[in-house]
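By letter and in written order, the chains are A, B, C and D; residue numbering begins at 1 in each of them.
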């Protein structure tokens, strides 16, 4: 029964190692915090994209509302003195709540659609939502919210800056670990098998007695919640401002897709591997050949899609089906 | 009371009628063969029984419960299992996992945990004795192996009614007989009613089925014990009509 | 927001001024919409045949725009001459990307095809950026204007309008009157059937992809005849999103559906502005965008086969 | 062994003596830190800024002879990293500059967003943080004590234009505002609206359009119906081209058209050719402005730094290519001058003293005036207005910076099409 959770050990170790490198080697923390972000992004998106095979092209919208959730809480509650930490926690809750709400709305609409239609619908949701915010001047419209001063007032400028520079990243790591854990729990439960079945053959899955809609929505909401939290910490707390065009930038969705695909969709270890490979290559490409990263990266992605559709972990996993290494490490 | 009962069921697609006012009964544990040439509406009939389509007219009762408009995923737990004409395995999963999924969401599903499901899967695989395939990934199976796996998956659902769409097509006679005898054995033990659908009247069906329903252009032309059915002039006509094509 | 503008509007009277404005905008909408429709036919054709959504669609429009730009600025040639070249270039690009990538992804899940087409778009953008830089370019084709009272329309727009119609018409004839055309159509309708009827589906794939890209690049030229400025490597993104809405309006898998979808879209975008402008305290322009995506969702839910198709 | 001990004693003694004389001599150099945008989407502006900073640092060290501190001349040094225009990177580099490199002042990266990203770290480490690339006024409403601005705030971009028209054409009263719906352009719009009302203009149209818009026809036809005398607008690079082009298509003729960001760029004229004739745009600085020592004396302001031509040649040397500096370079350079002036007046690099002096500081350089209010917002620098005349960018406002007369009213699009140039 215990061994159920062994596959979590490598995940845990990976993040601990990254954390130690970041703390230990001077000047490394920033690179690590970037990697944390990408890994967490992949980990969260994997729960939906990887496990259901549905391509949500509007995923970044959930990070967006998450960012707004934190921004709104802090700027609205900043006048209350002496509850700093509580306000931050409240912010996380609002972020999660808003992300859940949006995911429910989107799920109710878009999850009736399949394949390309679903992808297009979700793009529509993301863009539409952004233009609604700008057009109807919701949450200050295009001017966004700059809440540094509020954050200072809430927890004091010293704490605020250590929040921006250190704790926000720690939260990201925690979110990543949580997402990974939930992924594992799902994989080892009926949810995981139901999702696998509907990913492979939705109609057959129905006939087998699987309530596909239910399981799709479970995965969708879970994934969206983590996205909301991620937005709240990696964007709102790390940069105390939010401008609509920045938080609904579709390229973040694409990055997330690449990470998941690179590491291996629907695998536990995939997002970390994908996040590391993507983050590092992106970082060093931009150091070596600033401005030409994409020119190199785009064809590489195409080649990977064609040659290794299962992603790095996916391939290893396939090779090790039923062997002990798979049961404990590659999952 | 009958296990399955279709009352005046009709299904249309656009203009044309696929299933025309069909009345049909299946008793617990019986072996029923549904025979009919291509396009006679067999697959549509199955899709109506397990809820892929809803009928335009008529009622479908299962164990006396009206399931006419019940979603397919709610029918499997009642005990309706199915195999497809072209097997539809979950390709990325191992054979064991495929079969286990059957158990997980089948009739016993609600009171089975993961491990329980895998035990049942193991049992079924052992009975069909293809342990050698147990940990193979479904995408690497041969078509026949896929069919076998699908039957195992369906049996793991512990169905009361098993709908088999061209289950033995493409198998060589040896394994067909094996299969048939195996199915009979299981069916008897677990009181499964098997509805096996075939395009042509073949020994397997004859041996297996106690009763045959012959479909033609969406309606039942004959519903009789196997021996009488096979000698029925209407049937012969239908199949002579088809003979030329073969 | 009590900007004197609104006061002014109401004083001048809704019906008179606002009415003319709406009509004028609708007229502009029809013209622009036709060009948009033309610019979406390629997307629909490719989806119809290969069941692949070309997320890099806009990048090919961008390539067309650069064709027109070079023809005018470097060769001093009227952009109309760029049309055949763009078509040819598009065909080559299409074949190249089909055989190098798409061919291997036909049976792959959406995840792969969407990401692949997106990456192809990025690749094009970066190559163009490498060659021409990321400045916003444009050309100034001096043509006369016609004043229709309601609004003024320069001839360049009218050429683009007529060009789009003619090309759409040509495609229509080609689809319905030629053998190759009907082969493509049969694959769209029922691939299995087509195979049985002896249509070479694989070559039809390659051909349709190439044709789809070709008319997309071509439409890029037409678009610059409508808007000859702001040409830069990343101009495509906006058009991709528009194309999605339009394609869905037309039923995603039908090129002519897309063409008329474009018309409708143009009317919606231009028409709704003046209406939204009457709501105090909002940014009407952003709302028109929001509105178009609402329509996208509604159609996907209620009539995924498009507004024009009869069920 | 023995020798080592002796040596140590000697060293200690030396330190004691030096220490007892005066601690303040410990400062042997002043370091400016900068998380610059060498790559990424702001690379162009970043390269300019670095060039400008280097140019002015070289001027200080070689021409000016270093920073006067307790009667000694202390050299300036420059320490910068590439932030890749990524918010993720700015944070850590700012931290590194302060904690590891121990710089005396940090110059913010380009853009309001990135500037905001670094501000909290600087603030928490009690470090002076000078902003030459973030125009959003809101930065200075966040309660930062040590953030100081050199770039003019967005809200003032169009003030000069309004003043100019107010002065030369009292009959032009109807103004239309049409800006991009972005954080920056919105600020410009608000500022313009406030100033216009103050000057008694009548705002007949006020609308925005979304980023990345491809067709402005509906907005412009609504605008046309309000018959404005002149139009202020813009936001980014592409929309300005589109705006002017479609004005021409719809034959909307006004006495003046001023667009932020796009109109001052060469690409603007290249794309529109004759249609761009007479179009104006505000800029923080353009090559050719006439700010000079004499000018400064006339206004009673202290003058410091290189003359414009000196600056340009220093800049070319610094970037190592024949490139004309734009306002990104000028404002970054001017910021160096502002800092050393404050240090000299404070006669110390102590944060609070320097900040206090910056608060009082008022001076002119090749970049123009420099003066901040008590929130740190730049109020002393007025922008110049540039107009396209015969394919050249002519500075037409303010008068003390003029390189040519304003062509007013702007020729109609028909006249332009017939080849009429906006040359007075």
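The rule is simple: a contact is a pair of C-beta atoms (placed from the backbone, for glycine too) under 8 Å apart; a residue touches a chain by one contact, two chains touch by 3 or more.
A quick note: this is a predicted structure, and the numbers were derived from the prediction, not measured.
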item	value
Least step count from chain A to chain C, where 1 means the two chains touch	1
Contact-connected components, chain D excluded, all else fixed in place	one piece
Between the pairs C-D and A-B, the one where more C-beta pairs touch	C-D
Chain closest to the assembly centre - both centres taken as Cα means	A
Distance between chain centroids, defined by C-alpha means - chain B, chain C (Å)	49
Mean-CA-position distance for chain D and chain C (Å)	40
Separation of mean Cα positions, chain B and chain A [Å, integer]	43
Distance between the centres, which are taken as Cα means, of chain D and chain B, whole angstrom	77
Junction residues of chain A - those touching two or more other chains	131, 134, 141-142
Residue numbers of chain D (touch at least two other chains)	181, 208, 210
Set of all touching chain pairs, with the criterion as stated earlier	A-B, A-C, A-D, C-D
Complex contact set, residues of chain D against chain A	38-40, 43, 82, 84, 87-89, 91-93, 95-96, 100, 113, 116-117, 119-121, 123-125, 136, 138-139, 141-144, 181-183, 186-187, 208, 210-211
Footprint of chain A on chain B - complex, ascending	50-52, 71-77, 82, 84, 88-94, 97, 100-102, 104-106, 109, 114, 135, 137, 153, 157
Chain C partner contacts - residues on chain D that touch it in the complex	181, 202-210, 212-215, 217-219, 221-222, 225-226, 237-239, 241-242, 244-246, 249-251, 262, 267, 270-275, 417
Touching residues (chain side chain C, partner chain A) in the complex	47, 51-53, 101, 104-105, 108-112, 114-116, 118-120, 122-123, 125-127, 129-130, 237, 241, 244-245, 248, 252, 276, 281-287, 289-290, 293-294, 296-297, 300-301, 304
Interfacial residue positions of chain A with respect to chain B in the complex	188-190, 193-194, 196-197, 199-201, 203-212, 318, 321-322
